[in-house]
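In what comes next, chain A is part of two complexes: it sits with chain B in the first one and with chain C in the second one.
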Partner chain A sequence: MLKRSAIALVFLLVWLIAPIVQAKQPVKLWHAYRGAEEQALQEIIAAFDGQVELLAVPYDAFGSKLQSTVPLGEGPDLYIDAHERLGDYRERGIVAPLPEALAAGLAPAFYADKTIAAVTIEGAALGLPLSQKCLALYVNVELFAGLGIEPPTTLEQIVGLADRLPKGTFALAYEARGAYAHAALLAAFGGALLDVETNDYSFEGPAAARSLELAVALIEAGVVPEDADGALVTNLFKAGQAATAISGPWLAADLGERVAYRVMLLPIVEETGQRMRPLLTVEAAMLSPKGAQNPDALRLLEHLASAEAATIRAQRARSLTARSDLPLSQDPLLQAFAEQAALADLTPSTAAMRAVWEPANRAIRKVMRGDVPADTALAEGRRRFDDVRRPPPPPASPTPLLIVLGLLSLFGAGVLVQRARQREGWTDLRRSLPAYAYISLGVLAVGVLVILPILFGAGAALFAGKPHAMYYVGLANFYEILTARGAPLLSSGSFYVVLAVTVLWTVVNVALHLGIGMALGIALSRPAMRLRGVYRVLLIVPWAVPSYVTALAWRGMFHRQFGAVTGVIHAINDLFGASLEPIAWFARFSTAFTANVATNVWLGFPFMMVVTLGALTAVPKDVLEAAEVDGATRWQRLTRITLPMIAPTMIPAVTLGAIWTFNMFNVVFLVSGGEPDGTTDILVSEAYRWAFTREAQYGYAAAYAVLIFLLLLFTSRLTDRFMLGSKRASQ
Partner chain B sequence: MVSVRAKQLIKRFGTTTVLRGINLEVEDGAFAVLVGPSGCGKSTLLRLLAGLERATAGSICFGDRDVTELEPRDRDIAMVFQSYALYPHMSVRRNLEFGLRLRNTESTLMNSRVEEVARMLDITHLLDRLPKALSGGQRQRVAMGRAIVRRPALFLFDEPLSNLDPALRAQVRVDIRKLHDEFGVTSVYVTHDQTEAMTLADVLHVLDNGEVQQRGRPIDIYREPANRFVAKFLGSPAMNVNEAILERASGRWTVGDLALVDPQEFAGLEPGRELFVGVRPHDVTLAGSEPADLQLAVEVVETLGPELTVHGKLVTEPGFERPFVAVLPADHPVRRGDVLPLRVERMHLFDRITEKTLRC
Partner chain C sequence: MTPRQRDLLESIGSHGLVLLAVGFSLYPILWVVSLAFSGATTLAPQVLPIPSEPTLEPMREVIGATRIEADGGEIWLFGRQLANSVIVSLATALVGVAIAIPTAYAFARFDFVGKRGGMRVLLATQMFPAVASAVPLFMILEALDLLNTRSGLVLCYASTSIPFAVFQLRSAFEAIPEDLEEAAMVDGATRFQAFVRVVLPVARPAIAVTFLFAFMTAYNEFILAATLLNDERAFTLPVVLQRFIGEYDARWDLFAAGAIVVSLPVMLLFYQVQRHMVAGLGAGGVKG
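Coming up: the complex of A and B.
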């Protein structure tokens, strides 16, 4: 008793003292910097008079971390992030407007115009700009000196280089398949991804079509590598295999001293006479509502945006300041980027802009694969954008739900009353009380950690609207999903088509897992095999490696130009004089699906193998010998004795494997990423897109999740029933 | 129906030699029993006959056919396993049919064979059950049925009774012998149980240490064991065997503790020879008026109806005691602490070095 009181007292004291201690806590600052930029930030903080707690948060997780902490009064006092997210943060109340005193400082005298515009939404100043980032042209100086020509100023000059470069060297490397880089080319044709005036999708029309055709022509002429991502651009330029590259300041950080390069303005497109104009991102320091109340945080904000900090950033991390009141840097890199930034278009920070990326990326990829003409792809992109931006369902009256809930509670109460009336019920309950006491902690833990989140998620399926302002819509989300949002039921991306792909995916995978796993398990269980233990360990390795690592490795292997599979094809060609074409794995459904399946089979067969090995120990040796004496061949022993005997163990494993495969997000998302055109997406990856890449339609995604749950529940119940049936039949 | 002949069979597992040049001969239609202590190689020999193991050297012939390198399915044999090895996922009927199905037997023929065997073994009512729903005895009968139904040329039995309780064991033993007499199929039966060995065998092979120690009719082997091992292994209770030196003193022969008058067995043996002397418990009688060959101090008396098994010690010289077992008729009361004068009716002498029986 005394001990308990003591513990209670300690808790009380801690609770009382905590606020006092908290008041002395350092200012919390979150950022997503790495490398030189992080060092620069640390140096800036060191010069600050006050305590600061720095936390580096991965860039991809930044938004969700803020969203899960700031509304609860936790998280950082201030944070550094790209301005594109400000619109979203503002809607969610994650960012606080600057106090008057600081907002007044946000004037053209101190900051570049575009950076001021970047942090101002509807007249409200939401942060202090720190640095600017955009794409520019990197030129390999030595290569041009070797050729004896001047670095190019027009795209056509770059195209002209192609013939003079050694084999395997590209004239220009840039992420042609992404809308971010393509936006620069689009701008040269007078287009934009989003119309800033109307806040509407504008990646359509002749300018867009022409820009796409040019991009495709560049790839077809071998000027630009196909299917290039950021890593490939970096690697090509680093290795001297690209005469020029379009990339941001991060490339310079990667290159170091390895290549002699120069940064220049993006080239002019002679066809239009216009220069390519990249999108501009402004990094800004923003206040959380909590930080806005904290004088130390305000001081730190000012310090971060100060001229002194900008100098450190420029010297240490070579990042282009947002300030306009500093003398021009002597660093040629910064000079070039400053010149380019002045010509760049500020990326809009509206929700519409965030909805542009997916349809635009898909349209670009579709055209580059040569599937459809540019017009068709662009029109489809428009449709996708409209689909995502469609108005949310109208609020529904919660009355039916309340009636259903009321009836359910009445029914429950009725059952309870009936139980209570029975005498045995009471004695039973009294007898079971200790048992309930034993399980109560477990039930509590499972309830809080499993049941509640499931109920919460399932409940979200009945809501729609912005994450911070969701309202009840009844079954509207389900209705929209099941009617394919008004489009034809079997149109691409509809629930039924994705379901069919998911079922195909599950069946093919599980069949291969089972086939390969059982074959290997049976092979490994033979005592005569040498080095059995070694093989066993080696074959379990795929299972031991985290699945996303495997998925990324396989994605790399399937790259059309540089992947290992293409390497094998080249080797075959060299060895046997064949003329096999490298396969563009992600250009067609069949090959992209195959690539996904190959990856997932690699990941999944060890499980079945291990289960098989375990199941085989339950097959007595003498039963197999009896069959041998009875006249069974090896194959007959396998099919008539071994397989039927291990089947009871394998079937639960197959059910489990089917559920895992049905929900195998990692492989689909990381290997094919749904390509081509979302056709290889399965239900979970589709649900993910609705939640996280399409305007955070959580209710809609939750409805997907509920449907997936119901489907799996239904099929596993069916399997159970089937199993029980066959068991009964056999007895 | 075939004869079985194995010549100079050697089997090694790695560096361990299990069979050291075994010769086996079973005539057509005979019931051969391989008996020996565990680890003597009898099961390995049976598995070689079945084709489940390959011989390291030597040959096996069934009749005129050399089967040394043949697969089990090509040997026309059936085997009953110690664990019965029924197919657990198949009904009794399916178990019986399995071998026939593999040979694409025509279905009416198959059904009639199965029905016939089931009737013979009294398992007709079990045909639709799974093995796990059967008792040990029933499983044993199904295993037998599975062997019989195929009508092979040779039956192999691997300790088929060792998982049954004693009463059932005796019953099934008789059944097996009856079945054999009915079908006349050559059989090879492995056991470590000497009762089974003695009762079932037409011809008995006693194995030890990977070699056949003696081959012959059970009663002949019992009466004339070839060596000390066979003498001790067969017979219950086991033969009393002691080290001894043959001596001749004052007109009597003495062999260790035994003082014997005019034993014919010793004719032709030199005095002073070192040997083992063996006396079966059944080969002693109470001395009565004749001079006793030995004195037995009784320690434990087991009554088995018509006979008593008396465990005790020989008291010839004080302080020099050896255990000894005698089987005596139950009509004479024997109590703990008695000292019984016994006469030896028959004894066995073995060479001390080779342990072989000394014949005179």
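Coming up: the complex of A and C.
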């Protein structure tokens, strides 16, 4: 008895102590740093008096990871992220305001006004600034010394360089197709992507048009490489094939000692007399609601923002501190970036700003492709912005839904009662019991982790509004999708146009998968075929490599200036004296679609080949031999005997293949990314954009998903009927 | 044209066709390999994927990743993550196939209320895009207390792989003549014993292929893994690969080197299973 109560007492004590033990858990800090920045952070943490658990999160997953953990009370105590996300994080309740004591540190004595503004929304301090990042001008010092001229201070001087540089070397490399880099040029014309006063889209009007025309002229004159992404800019400058480059501090980290370079202020545009002004990003340490309650997390936050930490970051990672009270660094790179950051425009952190990027990027790309004049593209961008920012549908009364649900359950109950009354119903059920034992685990696993999420996801289609504040709107989402949100039904990006593209995409892909796969399968299964095993292994390889890797490899091969496909075109020109032009694959629907199809066919034909090979083993040899004896030609044997015999195996494979292709998100998203102008997007990638990039209209994306599901279900039932019908007819 | 000439022509034709396809299937992969071993990026369009300034540096950087633990000890992070990937994928395949086998057998052999509906529902699960079902999945995992655990990941992967596995295995079981089990049952075996001792050994090729598919779904997945796992030591390799691509800059050489290492185990497995693959995937042909 005594023993038992002693044990109980121990348990009680443990239970009482447990929360205290838990409070001594290490502070959780999440970041997306890599390389030198990560090392600097580790060094800063090592100097902290306390236990810290660091997690380096892939940049792409950062937002979704926070969203899926913090509201549930999981996840980090604090995290380091760009200030642009603060508006979003605040709406979702992922970030907590700083406690009084820490917020007081956010004073003009320590930080510049701009940095304070970056982490303050509607008077609430939401983080402590750590470092600042913006674009600046990188100059290849040796190249200029070789030419015997001073580094440029105006854009026109850079343009003037173009004639004096060797072939294949660009005067200026920057990511011309992106709104982030273009914003600097736009600022020189007195424009901005978003009007800070009115919080409204402002990438329109004469300033925007003029800046775009200039950017296009730079590319056409060969001053700037076309279709450049960040990696290309880095590589060009690294290889000495760009005299100057507009890039951020990350380029310096990548260059190391390879190139002798200098960082300067962005050039002045002589046409307006204004200097180009980049957008400024402030990286800040932010608290999750859980972290705001944790004294250790607060101490760590203070430590991260301290002067000592800033020194380590400056020395190890050459990152520009956000503090204004520290002595100026001796590092010329940091001095240059400090000067540039002081002139930069703070990126707004409002929801409207996040809705600006997609329309602005599309408008820029459209003009650069030469599709339409600048003002048309800009007007389209405006429309797109308004479309995304349209007011959400009004709340609807849930009564009709409840009535429908009530009727349905009544009907279901009725059916059950009727079944129960019949004798056969019971005996059938009793006979089914052994089978239920076999399937029970499968039903449980699929039911809970596959079907339940689908039901919830489908249910979300009836809701609208911000995540965590969604309200019932009935069928409004479906109505908006099916009426193209008031635009003409066949305008670009409407449900019907995207559906047509998706159907075309599915039909072309499945036909090619099946054609190539079956041809190879039949060729490989010829009795006289040698090296069959080797071929089979080599042909299966595309299937074994992760698809996100190969999709990116294909995208690289289709690059207009530097891709392997262009290399092949050059080789053909050299060999045959032809004069084929390299193709800008992602500038037209037909070629971009072809590039997507090529990638997806590459990924998918091995499956059909293997299925064909398998099906062919089931074709009896004697039947074929008998037909040969009877004088049937090869073609007749193939079409009259082999194909009909393998058809039953092929049909289920084709059905599944068609469903998977219809929802093939990876290839479309990674290869063409919907370019040009979203025309190669299929329904799934469109749904993805609504869910993640366009203001997180989750209910709207769910409605897309439901429509996709219904379409596939309806089509498969229809073909099923058709197949059954033809089967009966043939019997 | 004599029959011999025709045979020769056909032989040349099919070798030509197959060689063309081999070129098509290997070319992009050779690009990835070339990128992984290049010390510098060439910026002239190239036809042949030959590494410029060959180096093993990216490979070494990827494989040699380590981590200093709180107690000062150093662990080989990459090795740990490779092991994670393999263990999670193997567990997924084992769990998925173990659940799918009896389910598929019931669908192939038994008559029961809800059989047709069940098959339809399984097919229907393939039609709903994951974009909309991912968020509810997190909520369910949270309710089951499985967030941030490898077992949660394994359960998710295994469940998603079950529908396809059931399709595969059902047609394989249907292809096996029912007489086999009946003979065993006449000899005194129960239905279950007949299933385990007679049917399963015959269906081995199909089970091997299904196992491979389940393994691959888990091995290549990164969205769920990146979102669910909150500890570097628990990461799987695709998540690590994602990390090489940042907001502003991407280390394609590291990405390519990592991609090769990631692909090797799957390729080995493919090589092992590919003999079965033909038999396993085609098994449905007899009965449809």
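What we mean here is this: the second predicted complex is superposed on the first by the 682 of 731 C-alpha atoms of A that agree within 3 Å, B and C clash if a C-alpha of one lies under 4 Å from a C-alpha of the other, contacts with A are read in each partner's own complex, and residues count from 1 in each chain.
Convention: a residue touches a chain if its C-beta (ideal position, glycine included) is under 8 Å from a C-beta of that chain, and two chains touch if they have at least 3 such contacts.
Please read all numbers here as calculations on a predicted model, not as lab measurements.
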item	value
Simultaneous placement of chain C and chain B on chain A, clash or fit	fit
Dominant contact partner of chain A by residue count, chain C or chain B	C
Touching partner for A:Phe722 - first (chain B), second (chain C), both, neither	neither
First, second, both or neither for A:Met557, with chain B first and chain C second	second
Partner chain(s) touched by A:Leu656 [first = chain B, second = chain C, both, neither]	second
Which superposed partner A:Val629 touches (first chain B, second chain C, both, neither)	first
Which of chain B and chain C A:Tyr496 touches, first, second, both or neither	neither
Three-chain overlay, closest Cα atoms of chain B and chain C, distance in Å	6
On chain A, the residue positions that both chain B and chain C contact, one per complex	645
Chain C - residues contacting chain A, complex	7, 10-11, 13-14, 17-18, 21-22, 24-29, 31-32, 35, 40-47, 49, 68, 70, 99-100, 102-103, 105-107, 110-115, 118, 121-129, 131-140, 142, 144, 147-148, 155-156, 158-160, 162-164, 166-167, 171, 191, 216, 219-220, 222-223, 226-227, 230-232, 238-239, 241-252, 255-256, 259, 262-263, 266-267, 270-271, 274, 277-288
Touch list for chain B against partner chain A, complex	50-52, 71-73, 77-79, 81-83, 85-89, 98-99, 102-103, 130, 146, 150, 156
Residue ranges of chain A touching chain B (in the complex, touch as defined)	620, 622-623, 625-633, 636, 640-641, 644-645, 730-731
